[in-house]
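I'd like to ask you about the structure that follows.
Order of writing sets the chain letters: A, B, C and D. Residues in each chain are counted from 1.
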């Protein structure tokens, strides 16, 4: 598959896999937020993505429908900074994917570009402020010019990881970590970690491979 | 000395010795009150008897004056149940000693009798309710018919101790320990312990012996 | 629990007197301190007013002295930590608020308070001042119904001071104010639950020990033993346990109108108290008991003790009238029914 | 600190919704819940009234939702634990209190709250509803004076809601209410000190660690880092440290009239706060600063966190007028100047 990209149905499956992956990491994300925030990032993301699982069962046809359902569920159920920014990631992504009937590498790049733009606008942030935007930006750059879906997502996931690493050497200038100043150095940004989890889950879903009928192939 | 009893001046010295002895035991009394009360008996008694030391410096002539000054200082500065009952012990004692020009065995018995009567009336208690009244009563009975001051006080102090022992096998039916019911068994009553400290201090003062000029004699 | 609790104080032995200064300053002119005494009185007690004197040991702030104000206490005699005030403090406070129409003493039923207030009352009566005494005995855990005179006063104080204070502003005879206070105390019942201990600054020692998974139902405001030490339980279970003792005690019956108080002993969160309130209301509704007024807050504390108490008072038209009046003090203020 | 804190709750994940039910019940008919939503609104918002919508994360009770009532907030959007409310909750709450005369959004300045309230504001403005936003930025420890827009909102919320609520009842245009709120926020300054941490029930974990002999000056209401972690100090020293940062910041000068708030973060005793108040007043008197009104209590909490914050607001005749008006809610009630 790969090149052909994912059908709407498989896109929904992929987004469910993403949700399950984030939910699994609740403690890791909470501990990261305890270190430089208020310790609720994990439980907030779990709230949001548990709602995503339900929402995806009821979402309409079209690639963008899955992304929109995901974004709205996050926006409505997560709360906090994460609810706004991760909700924006997927609703902005949905707009960028309007009309697409398969999700391919180009779609992923349009998703990442729209997500960055949306978050930057909503959060009033730019790269280097130690937020999830840094992971998005790294993922986007890593995915440039890779036209095979699995290759593109593999690069994007690796890029997101690099973005998390990069946040360790940044001083937070927004969010609850801002007041730590220097003391935020050395700690990764929890939201950036969530982005990495999301991109890795997309990659894993595509690498394992799934037919349009949802049967796993070798 | 002994038979002759104490002069007013020595009585004041004796009461100061009593005050110092109680103040020394602050932690013992507080821990006893922590076990079956609210843990403030020691600090309350210290407040009261620190004021007694000051008051005794300014008190007038006469045996009863020292007892009255002591009782008023306790009443005004201790607070809680102890302030009322130990204040009563000495003010009632003062009334009983009115006119006496020396403090002898008979005076000690009148003091103990008046103290019991006053506390019973003020506290609405009788023997056996696990209060300081039990120590007073035991002390009084032990002192009966002993006409030598030091012998009388030695017996009274031993009696007070026996009273403390007796309270261990009583179930409190008044004060903060009441709600413990059965669980107050085994614990001595803090107020009774204070009575024992007071009587022991009087005994020690007389046994060591002091001339009317306040010089220690062998 | 073991090591002394961190507190932001100066010399602990000065804490009570410094607290009183801070309290008077916080009242924005509503109260003043009797010079050299641990007593607080209203600056503006009207002539001829029946005076209400409250008081008790310190360490329970904002009660008792934080309840001196408009339509509340006219004065308060403050004791040291967990210790009833000495007679001369009560005596001076009573003289300072007396306006020729008698003084009602209202305080919790503890041996120490009873004896010290009685001594003061005798001194004042010797001077021909009319003194009446009403002791709050709302703690059902402290003694069986036939021995209410052995019961401790806990958060029922909040409603008692509210009602007696409003009555003392409204009625013009001490007899009448005493009558209203006696009716109120006869109709109020409470029980508390302890979750963790508070400590006295001067000793730094917790007043009792509770295991990390234990609570004690019915424990008194100074750590006096309760009726059952048990494992930590869900809020609904705890609420039911309190109601099971309180409701049959008066008893409270279908059709009764009540005032409901949830009092925080110190460190419990408002969230917990509101979750408990939700369950309490479910049960009261099932029983057909109507809640006329609810108060959820922090009034009778035991330093940083965690836990809370539940209080119900059965109301009639007269008690409702006084409960609904406005009041203002550092510790308790209400706009009043409008 | 290590082991999960004992709390009297049912399922921790149900705590927020059960708390909201309990809060509405505690308001004795003054408020209602928007069905199926974590939002509370007054039952009786008059037609044509300028609406005041407040809100924020839960876990800080009685703020924010406990401040919905008479002459206070008309409605509140409630988030989960320490998490800003989602946009649709804010949207629905705003629609429920809107009476054709616009809505003022008043909340603490946090990235999460800002983004979620902004999203809702955009949705409402698309529908032609006039929305204005005032963010509380009183925490001087959070950023230097030239970057007040980076400052957190802490206990200044109490005075802000009191004043904006009274103004929204009195004034008939959103412009005017917004003007008063902006004047108030421009004149309020706060700083807090943390003594021990609170914990989120769902995780049972304290939001930060402090040694048994340490305090942190300037720490935020969610455990955000402060300006100095130091050894436990006497109350007077701590009061001075807070004033040293707050007074020069506005600055507050001789002759200024101020409102003074001492807010308990949870487990601190009222006695400690009053001892601190005593010192604060000594210093203000030395500086010639006049205290018009004092509030000492527990409003912006961080669960069972110990510590408190000091807030000063410089007042003019208009702000005093609104501050002195009566108000009533579960979390904050005043009889008003009489």
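Note that in this section contacts are C-beta pairs under 8 Å (C-beta built on N, C-alpha and C of every residue); 3 or more make two chains touch, one makes a residue touch a chain.
Nothing here was measured: the structure is a model prediction, and the numbers come from that model.
Listed here as common contacts of chain C and chain D: no chain. Chain centres computed from CA atoms place B at the largest separation from chain D.
The distance from the centre of chain A to the centre of chain D, with each centre set as the mean of the Cα atoms, comes to 33 Å. For the pair chain B and chain D, the distance between C-alpha centroids works out to 55 Å. With centres defined as mean CA coordinates, chain B is found 78 Å away from chain A.
Multi-chain contact residues of chain A, defined as those touching 2 or more other chains: none present. With touch defined as above, chain D holds no residue shared between interfaces to two or more other chains.
Taken together, the touching pairs link the chains end to end in a line with two free ends. Working note: touching chain pairs come out as A-D, B-C, C-D.
Of all residues in chain C, those touching chain B in their complex are 57, 79-88, 110-112, 115-116, 118-119, 141-142, 150, 152, 200, 202-203, 205, 207, 220, 222-226. Contact residues on chain B toward chain C in their complex (touch as defined above): 30, 34, 37-40, 43-44, 47, 75-85, 122-123, 174-176, 178-181, 183. On the chain C side of its complex with chain D, the touching residues are 3, 6-10, 15-16, 18-23, 25-28, 58-59, 61-62, 66, 70, 193, 195-196, 198, 212-213, 215, 232-236, 238, 266-278, 281, 291-294, 296, 298, 301, 303-304, 306, 308, 326-328, 330-331, 333-336, 338.
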